[in-house]
Amino acid sequence: MRYNRLALYGLLALAALMVLAPVFIMVSTSLKSMDEIRDGSIFTLPADPSFAAWGTAWFGDCAQSLGTKCGGLSSSFLTSVKIVIPALVLSVGLGAITGYALAVWKMKGANLMFAALLVGMFIPPQVTLYPLIIMIRELGLFGSIPGLILVHLIWGVAFTTMMFRNFFKTVPQDLLKAARIDGAGFWRLFWHVMLPLSLPILGVAMILQFTYIWNDFLLGLTFGGRSGQPMTVALNNLVGSQFGEKQYNVDMAATMLTALPTLVVYLLSGRLFVRGIAAGAVKG
Amino acid sequence: MAEQAQRALTSSHSGRRRWRPQWTARMALIPAMTITIVCFYGFIIWTFVISLTRSRLLPVYKFTGFDQYFRLFANERWWTAMQNLAIHGVLFIGGCMLFGYFLAILVDRGIKAEGLFRTVFMLPLSMSFIVTGVIWQWVMNPGLGLQEAVRDLGWTSFEFNWIVRPDRSIYTLAIAGIWQQVGLCMALFLAGLRNIDPNIWKATRVDGIPVWRVYLHVITPMLRTVFFTVFILMSAIVMKAFDLVVALTGGGPGFSSDLPARFVVDHILNRQELGLGAAGAFVLLCTVIAVISPYIHFELRKERGGRGH
Amino acid sequence: MNGVELRNVTKAYSGLTVMSDINLEIGDGEFLVLLGPSGCGKSTLLNMIAGLEPTTGGSIHIKGRDVTALEPDERDIAMVFQSYALYPTMSVRKNIGFGLKMRGVPKDQIDKKVAEIGDLLQISPLLDRKPSQLSGGQQQRVAIGRALVREPSVFLFDEPLSNLDAKLRADMRIELKRLHERLGRTIVYVTHDQIEAMTLATRVVVLDKGSIQQVDTPENVYRRPANRFVASFVGAPTMNFIDGRIMQDGTDIFFDSGSGGLPLVGLPEQVRSLIGRPVTLGARPEHILFDDGGAAARIILAEPTGPDQYVRLAVAGSEITARCGPEQSFKAGTDARIMLDGARISLFNQQTGQAMTAD
């Protein structure tokens, strides 16, 4: 029995090590100088940790860049924030209202519409990419932050609706009846009764939508143009640029900076994230 | 109180029918319904229409029948991509499910610091595919990465240069992909394991069945719907896989690690082959539908069964 | 008509009629209990009165006003649910005041009303708690308080006591009865528990398979069931049914099941016209009298319950249950002599199951 326990913890530790190794490599590389990277191993700790590469990744290296921009991630970080926050609020809000309407207000075709949404969650974005480009362009929003917000709203609403609808389906019918007898209509039932009930799900949906939108690449690449580049796109450009010698420490610092917001949200929200992933996936 | 009842009476006696909350509910569905109908289904049809034309840079509505599909199926890069999808799909889904289930069982054995291990295993899940791709590109860098590090330790013949080898690069995708998504599989399996009636465990202990046998013959069959769900979710991720290829291998060397999703985006955005890209997208969609339709069917049946008691 | 009136109310789900032509008049101040097994349509009926489910046909009137097309909150009703249905995120105070708030009653008036209700139901110390911090009985009081506070014309209760344990249920029953006597409001009350129906109701409506079987006072429903369904549903242990004929042999009247006879004493004069016709006899356990002049019955089992004992007997080709005091002792396998209390038994048509009266 004791050996079994030992083997169990040994296996867990090994797995944890394998998961954490790339993260460790990313962090340690970002703190090294290029000379150290060339001479040393990826597994060694930085001999003389320095945040110089982080600075370069954030502000850019004006000596190396070609245009007027220095190529740092700071501006695309701001772009990402400007996209994520409104897109998050809108997609969660619309999902909450739609999920509530579908689950609580028995309407003809509600199940059909839910099925349609459910299928929509699985449609690869590539399939509707071009028509969406045309639509966004016709709206005059191509390459702009509002355009990206709208695209994220479109792609997020199926998921958020499903989360809220599945949650609201579990609310006892009697509660809804009581509220109707008390005189609460559509919005007041939502605002006074259902929304306060759904706070945990609201948190979960917020966290997951934040992660999804922040981590998006394809939509940012397609609809961002030059001025609306989110951080993932900027990171990919930075890493992929072919000028001069590759600065792996800057690459890794930039990667770290891109990953940091979602990483922080994940570590702070811990349980909610786990719950959301399980609930969102298993039920839907 | 009396005047209130009075008001209730007069308001409904005024003859005019009051606005019904059901009507508001219907109106509240309009935005989501518009998105669903126009941006999902409408756009799918639109893409299909484009795939029947000879559009290149811009959509032109000169129909050429299924010419683009013939071109697509004659396209060597498309077949490489499809073949890669199959290889990557099997490795990625299989690997995620296997390791995920294994980790879930380990975590479910009543360990200390369970929260810590769970947090660690799900950590990569919070990062984007781009970040994952860039990290692993660096780890697998043949000059300065893992290969060099192991050689420095003394094993000088060690080779791990898959990322630059056309015949191996597709496997690197699975490595990075599994690293990132294994946590999701673990979380789903763990939720399934936690749902199992504890009395089952008591019963098997009373019967003296070894733990590994319980997992193999009792628990695993009980989790078949979870396996099904995980399989579907992982399939959906594989079909959409675009970011990871772009960041990790760029589809290369050459097109050796290309995937259909990247093929489609590339032809639509960069190669001015709109019609061909649309045809590829539509074939991709058909593949997705073929995989997920049993799942949707299952979900909706569950839904109906749940309501009609 | 000042109470509630249902005229030809019909309910169908996707073409399938589950209730048709329900006609019911509920007087002002009445305590009407809808009683029936699960699935009989009693809750559907209540929901239709509440406006929570649309009617397929017919009309519903409350205080003389046609409310068929009105929303629940326009009908001047309040409802108490089996699950209490308290808003989990609101305090007790907010729960009770929510309906008034939705109607735009000023805040100071809401506070005053809620305080009154708190006093009335003795829940004042609980007003600032959340429902999850209350016991089942306390939640029940809050649910009742939420209904009372609006002072509606009609209260609707949907199995309000079935989530409580037996002791609490008995206490709440008494309180509900007092509350009704004090407030004198119309109450429509759904239950499947016949004790609740018997103790609370001024009138009972027995429902089965979507139609009304009998509407009468609790006493009459028990004593003079309109048909076999009512007879068997009301009363525990259930009524004994034996098919056969009433026969007369000189001055002796007895019931002949074909495989044995049971003496009937005190059969009312007017029922004698049924003599000789095939009937189903319905005898409640207390209608079976142990008497040395009776027919022999084999004792199968005696079940003492405390105040009574129930004796299972084989007689005249069937098994019946009799009720008697705890002092007598019965031994399984021996014989007892029994006869039937002809003044209290019921007679039903063998084909239709309807109660038979002398014609």
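Labels for the chains are A, B and C, by order of writing; each one numbers its residues from 1.
The rule is simple: a residue touches a chain if its C-beta (ideal position, glycine included) is under 8 Å from a C-beta of that chain, and two chains touch if they have at least 3 such contacts.
For clarity, every value in this text was computed on a predicted model and none was experimentally measured.
**Q** Which of the chain pairs holds the record for C-beta pairs in contact?
**A** Chain pair with the maximum contact count: A-B.
**Q** Name the chain whose C-alpha centroid is farthest from the C-alpha centroid of subunit B.
**A** C
**Q** Per the centroid of Cα atoms for each chain, what is the distance between subunit A and subunit B, given in Å?
**A** It comes to 14 Å between the two C-alpha centres.
**Q** In whole angstrom, how far does the Cα centroid of subunit A sit from the Cα centroid of subunit C?
**A** Inter-chain centre distance comes to 58 Å.
**Q** In subunit A, what residues contact two or more other chains?
**A** 180
**Q** I need the residues of subunit C touching at least two other chains; which ones are they?
**A** Within subunit C, residues 71, 103 contact more than one other chain.
**Q** Check each residue of subunit B and list the ones that touch at least two other chains.
**A** 21
**Q** Taking the touch rule as given, give the residues of subunit A at its contact with subunit C in the complex, in rising order.
**A** Touch residues, subunit A against subunit C: 172, 174-175, 177-184, 188, 192-193, 196-197.
**Q** Can you name the residues of subunit B that touch subunit A in the complex?
**A** 21-22, 24-26, 28-29, 31-33, 35-37, 39-44, 46-47, 50, 59, 103, 106-107, 109, 111, 115, 117-131, 134-139, 141, 144-146, 148-149, 152-153, 179, 182-184, 187-188, 190-192, 226, 229, 233, 236, 239-240, 242-243, 246-247, 250, 261, 264-265, 268-269, 274, 277-278, 281-282, 284-285, 288, 292, 296, 299-300, 303
**Q** State the interface residues of subunit C toward subunit A in the complex, per the touch definition above.
**A** Answer in residue numbers: 47, 50, 52, 71-73, 77-79, 81-90, 98-99, 102-103, 146, 158.
**Q** Going by the contact rule set out above, which residues of subunit A touch subunit B in the complex?
**A** 8-9, 11-12, 15-16, 18-23, 25-26, 29, 37-38, 41-43, 94-95, 97-98, 100-102, 104-105, 107, 111, 113, 115-120, 122-132, 134-135, 153-154, 157-158, 161, 180, 185-187, 189, 211, 214-218, 221-222, 232, 235-236, 239-240, 248, 251-252, 255, 258-259, 262-263, 265-267, 270, 273-274, 277-278, 281-282, 284
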